[in-house]
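Shared between the two complexes below is chain A, which pairs with chain B and chain C, respectively.
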Partner chain A sequence: MRTVRKIAMWAGAAAVLWVVKASLGLFVVNLLLVYVIVAVGLNLLMGFTGQISAGHAGFLAVGAYVAALVGTHAPQVGAVGALIAAGAAAALLGVAIGLPALRLAGFYIAMATLAFGVVVTEAILQMDVWTGGADGMYVLAPSLFGFPLDSDTQKFWLVLGTAVLAVWTAQNLAGSKVGRAFLALRESDVATETLGISTAAYRTLAFALSAFYTGVAGGLFAYVVSYISPDAFSIELSIDFVAMVILGGMGSIGGSIVGAALLTVLNQYLAVLQDFKALIFGLAVVVCMILMPGGVSAAWKAALERFRG
Partner chain B sequence: MFWQLVVSGLATGCVYALVALGLTLIYRATEHVNFAQGELAMVGAFLGFTLHVHLQLPVWAAVLGGAVLGGAVGWVCELAVIRPAEGQPHVNVFIITLGLSIVLKSLAGMVWSHDEFPFPPLFSPRGVRLGSVVVTPLNLGTIAVALGIMVGLFAFFRYTRHGVAMRAVCENPEAAQLMGVEVRRVYAFAWILSAGLSALAGALIAPVLNLSTHMGAVVIPAFAAAILGGWGSFPGAIAGGMALGVIENLAGGYLAAQIKNMVPFLVVLAVLVARPQGLLGEREVRKV
Partner chain C sequence: MRRTTWWLATLAAVLLGVAAPAAAEVGVTADRILIGTSQSFSGPLVFPGTEEIAGIEAYLEYVNQSGGIHGRKIEWKWYDDGYKPQDAVANMKRLVEQDQVFCILINQGTSPVMAVVPYLEQKKVPLMFPFQGSSRLHGKKYVFTSFTYYDTQTQIVTRWLVEKKGFKRIGIIYQDDAYGKFFLNTLKKELEAKGLKIAAAESVKRGATDVAPQVAKIAQAGLDACLLALVPGPGAQVLKEAAKIGLKKTKLISSGPLTDEKFLILSGGVGEGVWGLSLWPDPVRDDSPAMQEYRKILKKYRPGHEPNRYNLYGYFYTKLFCEGLKRAGKDLTREKLIQALESIQNWENGIIPAVSFGPGDHQAQDQGFMVEVQGGRFVPVSGWLGIRDGKLVESPL
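Our next item is the complex of A and B:
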């Protein structure tokens, strides 16, 4: 039964991607998969340890610029090397943010990370010698084991492979010792500490891991859009990420995937509506939160329960 | 130069303080963090502007009317999107207020367009020399109005039935309910008062920034001010707002002009790293 359900879910995901491709194009599919990685990474932080980050666009920016710079100055390392560098750079910053955040609770972490996100874009603007400042920079097509990836289709396979790997890792992590420590932290950090689990180590690890995911996604983002500038990584984007996780359901990996897909597609369809876009987007967030407090995943579980009677 | 920057910084700081007070009011009464506070200020200022331009009301009456209408908008928001989410975790309500801020901004754009409008100042912006410092009646008036509101708020909490009821709900909603306080009415009232205050703040800063739908961004320095002063503390919101206004102006004057926009964020990071409880806040004790 479980394998059947798993196969059904993967088939469903493939069908959704195909529909999105047919209606909005492969570029949007690639973008959607990048956001799936971000949402899953952010969920490791928010859903598992209960720390809200309102600055993940900052980590995405770090990843994107590191991957772009590696591509320009050291193209021989290829896409895999550049993506690992992007993730590692973001993870280092994640530790740097996670350490002071150890002293903070809830809403304060959200504000600190919000500030971090803005400081990152400002730093990119100031370092214009490398980053091109407000003019942005073009991203060279990456190469995977010597093969250049310059079409959307080739990039799709790179993004898809990374996304599947990211989701699979997160799912396994959720059931591991680390994942259980994260969940314990979310429930009560004092109680967790008394059980002999180092809250400091695991909270920092959660930040680093979440930043790594987002950094890698940033590198892929750079490849997909092939031109990056600081204003692409706004507070609004960070908030979209938070909305993806909450809408999908905190702590549910599957939920994050659905949340990322929903918001990306919604954003694309609303783009033609111009003035009404923001209004409908805002209303959708409000109404979804009121009607489905636990996100899509909780609503789905409730629906299944009712179906079984 | 120094005192010049301090005086005009204090005027901006007073506006931050008013918005921060609005944030603190809602937080203390309902424990919710309202991201739409800046949009409430913006909508209130636009309502005042409309009263002035279309109904030809004198500026002071238009600003007061804008505050009343702004309070009404706050009430509608509370009824329409906050109350239905009663009992949900604070994170969820935070996301709802995020959505609300997007909705308010786009609605305002549809009604008034996203252009900038010159807002008639309540007081003359023409400078008067006081020793070596040039002060404008606008600066002094802004400071005076803000201080007056703060004294009024203090008296309200201290001496009126509504104020005492509100403080009781802050302390313990369940006990207050049992004592016969209508907790829901207090929540609604907190939103009305908070939105009205923010509308006034919006009208005070609009002559300086020009009136536009982007004015909602004032919520960011207001958050920074409230955190600097100590999150959840009323005197902290006031002190933090004024301090932030002055720091921002000094940094802009002595360092680089671009750094001015970064000040709120750097202040938040510095405070949270060095002294998370802020200037006047109390240290949080966490329980199991």
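Our next item is the complex of A and C:
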């Protein structure tokens, strides 16, 4: 029964991607998959340890610029090396943010991370010798084991492979000691400490991991869009990421995938509404949250329960 | 007999139908041309974006009501990118691959435009008149650019100040980023060519609200003129601060897109006497026949929009685009549109100086004229100024 359900879910996901490709193009599919990685990574932080980050567009930017610069100045490293560098750079910054954030709780972490997002775009503007500043920079096509990935189709396989790996890792992590420690952190610091789990170490680890995911996604983002500039990594994007996680359901990996897909596709379909896009987009998110306060994953579980009687 | 004629006629019609070339070009059918764009309908540039679109739609509806071009009506698809490059790319790929548009007409902003140019060039889809002034789009086969590049604008202003006004001590207040430094470097180069130096240069952080120290230093330097390479918010602050300390001796000069009515409104009426370089005649008051026609068409088809330089931009460049479509003839293709536009020489339009294109020259305008703020509006104080063979030339407005 479990295998049947799993196969059905994968088939469903493939069908959704196919429909998105047919109506909006493969580029949007690639962007969607990049955002899936970000949402899953952000969920590890938000959904599991309960620390809200309103600055993940900043980590995405760091990953994007690192991958782009590696691609320009050390192309022999290839896509895999560049993506690992992108993830590592973001993870280092994640630790740097995570350590002071240990002293902060709840909304104060959100404030600190929000500021981080702004600082990153400002830093990109200041380092215009490398980043091109406000003019942005073009990203060379990545190469995978010596083969250049020029087209959207070739990039799709790279992005899909990474997304599947990211989801699979997150799912295994969720069921491991680390995942359970994260969940314990969300519920109570004191209880967690009494269990012999270091809150400081795990909180920092959560930040680093989440940033690593987003950094890798940033590298892929740079490849997919082929051009990056500070305008791409606005505060609204950070808020969109938070919305993806909440809409999907805090602490649910599957929920993050659905949340990322839903918001990306909604955003693109609504682009045709011009002036009304922002309004309808906001309303749609509000209505979803009222109807499904626990996110899509909770609503789905409730529906399954009802179905079984 | 009658029956045979019937059959023959039907046969002929069918044969003709088969023989007629099926869709000679993407986005073009017997009775319509489909165009599209990605624009700022949200985000920081929402005002210019929606106004440009109003101007575009007003002119296109006017053309369609007058019978279209070579019997074809122009239809359009616009998508919102909110000034985000990734959404701009998504929209362009959707327009080209899913909607199959003939060409792209007027998108906006450095990032969203830069992000899509390599893709459109690769797909050989014409990009008509993006709203931006960076010279980085120069020399692209499928891109036609619109107004005077920012570096040319700074050249014109500097030479006019030095050559026509005899100013020697010139300084600048610039935004501390690539945008501001771009003006700083161009000014430096221009002044050096005249054997002069920048007399004072003060930087302002993006989004700054306090510019008093910078203005105080400018006042101390005793300048003849000071360029403002700023965005409207801090730019207006400089005007207010200068008025507060009674800075009379130094002429303040707005640069780039700062010469705009909105900037004057923000400064709250203290902008009197400020100079700037304008690329357009006064959208509200200029009474040349072409400008009157613009206001008439805008009022008829987009009555909710007051005339301003953004919908004038949309209107004017759509008109120029339609001129290209007319010249391209009945058998419209993307390549023919490019050739037709390149054939345009001395196109008198009554709004900006005569437009000429050519292979390798895809820029519509490279002049501007100096204006002074008098009674809350921009009044011309020079003719059309441009740089020809490295020299400043002036022609009547």
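In the analysis below, the second predicted complex is superposed on the first by the 309 of 309 C-alpha atoms of A that agree within 3 Å, B and C clash if a C-alpha of one lies under 4 Å from a C-alpha of the other, contacts with A are read in each partner's own complex, and residues count from 1 in each chain.
Please note the rule applied: a contact is a pair of C-beta atoms (placed from the backbone, for glycine too) under 8 Å apart; a residue touches a chain by one contact, two chains touch by 3 or more.
These figures come from a predicted structure and were not determined experimentally.
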With the two structures laid over each other on chain A, which partner does A:Gly254 touch: chain B (first), chain C (second), both, or neither? neither
Between chain B (first) and chain C (second), which, if any, makes contact with A:Ala278: first, second, both or neither? both
Does chain B (first) or chain C (second) touch A:Gly179, or do both, or does neither? neither
Once chain A of both complexes is superposed, is A:Pro75 in touch with chain B (first), chain C (second), both, or neither? neither
After lining up the shared chain so the two structures overlap, which partner does A:Val118 touch, if you call chain B first and chain C second: first, second, both or neither? first
Where does A:Tyr108 make contact in the superposed view: on chain B (first), on chain C (second), on both, or on neither? first
Answer with first, second, both or neither: which of chain B and chain C does A:Ala191 touch in the superposed model? first
Scan A:Ala232 for contacts with chain B and chain C and give back first, second, both or neither. second
Counting contacts the way the document defines them, which residues of chain A are shared by the two interfaces, the one with chain B and the one with chain C? 122, 275, 277-278
Per the contact definition, I'd like the list of chain B residues that touch chain A in the complex. 33, 81, 84-85, 88-92, 94-96, 98-103, 105-107, 109-110, 223-224, 227, 231, 262, 264-266, 268-269, 272-273, 276, 284, 286-288
For the chain A and chain C complex, residues of the former touching the latter: 23-25, 27-28, 31, 122, 125-126, 128, 132-136, 138, 152, 221, 224-229, 231-232, 234, 236-237, 267-268, 270-275, 277-278
Residues of chain A defined as touching chain B within the complex: 52, 100-101, 103-108, 110-112, 114-116, 118-119, 122, 188-191, 239, 242-243, 246, 250, 275-279, 281-286, 289-290, 293
The chain C residues in contact with chain A across the complex are 38-39, 41-42, 50, 53, 77-87, 89-91, 93-94, 97-98, 109-112, 114-115, 118-119, 134, 136, 177-179, 181, 206
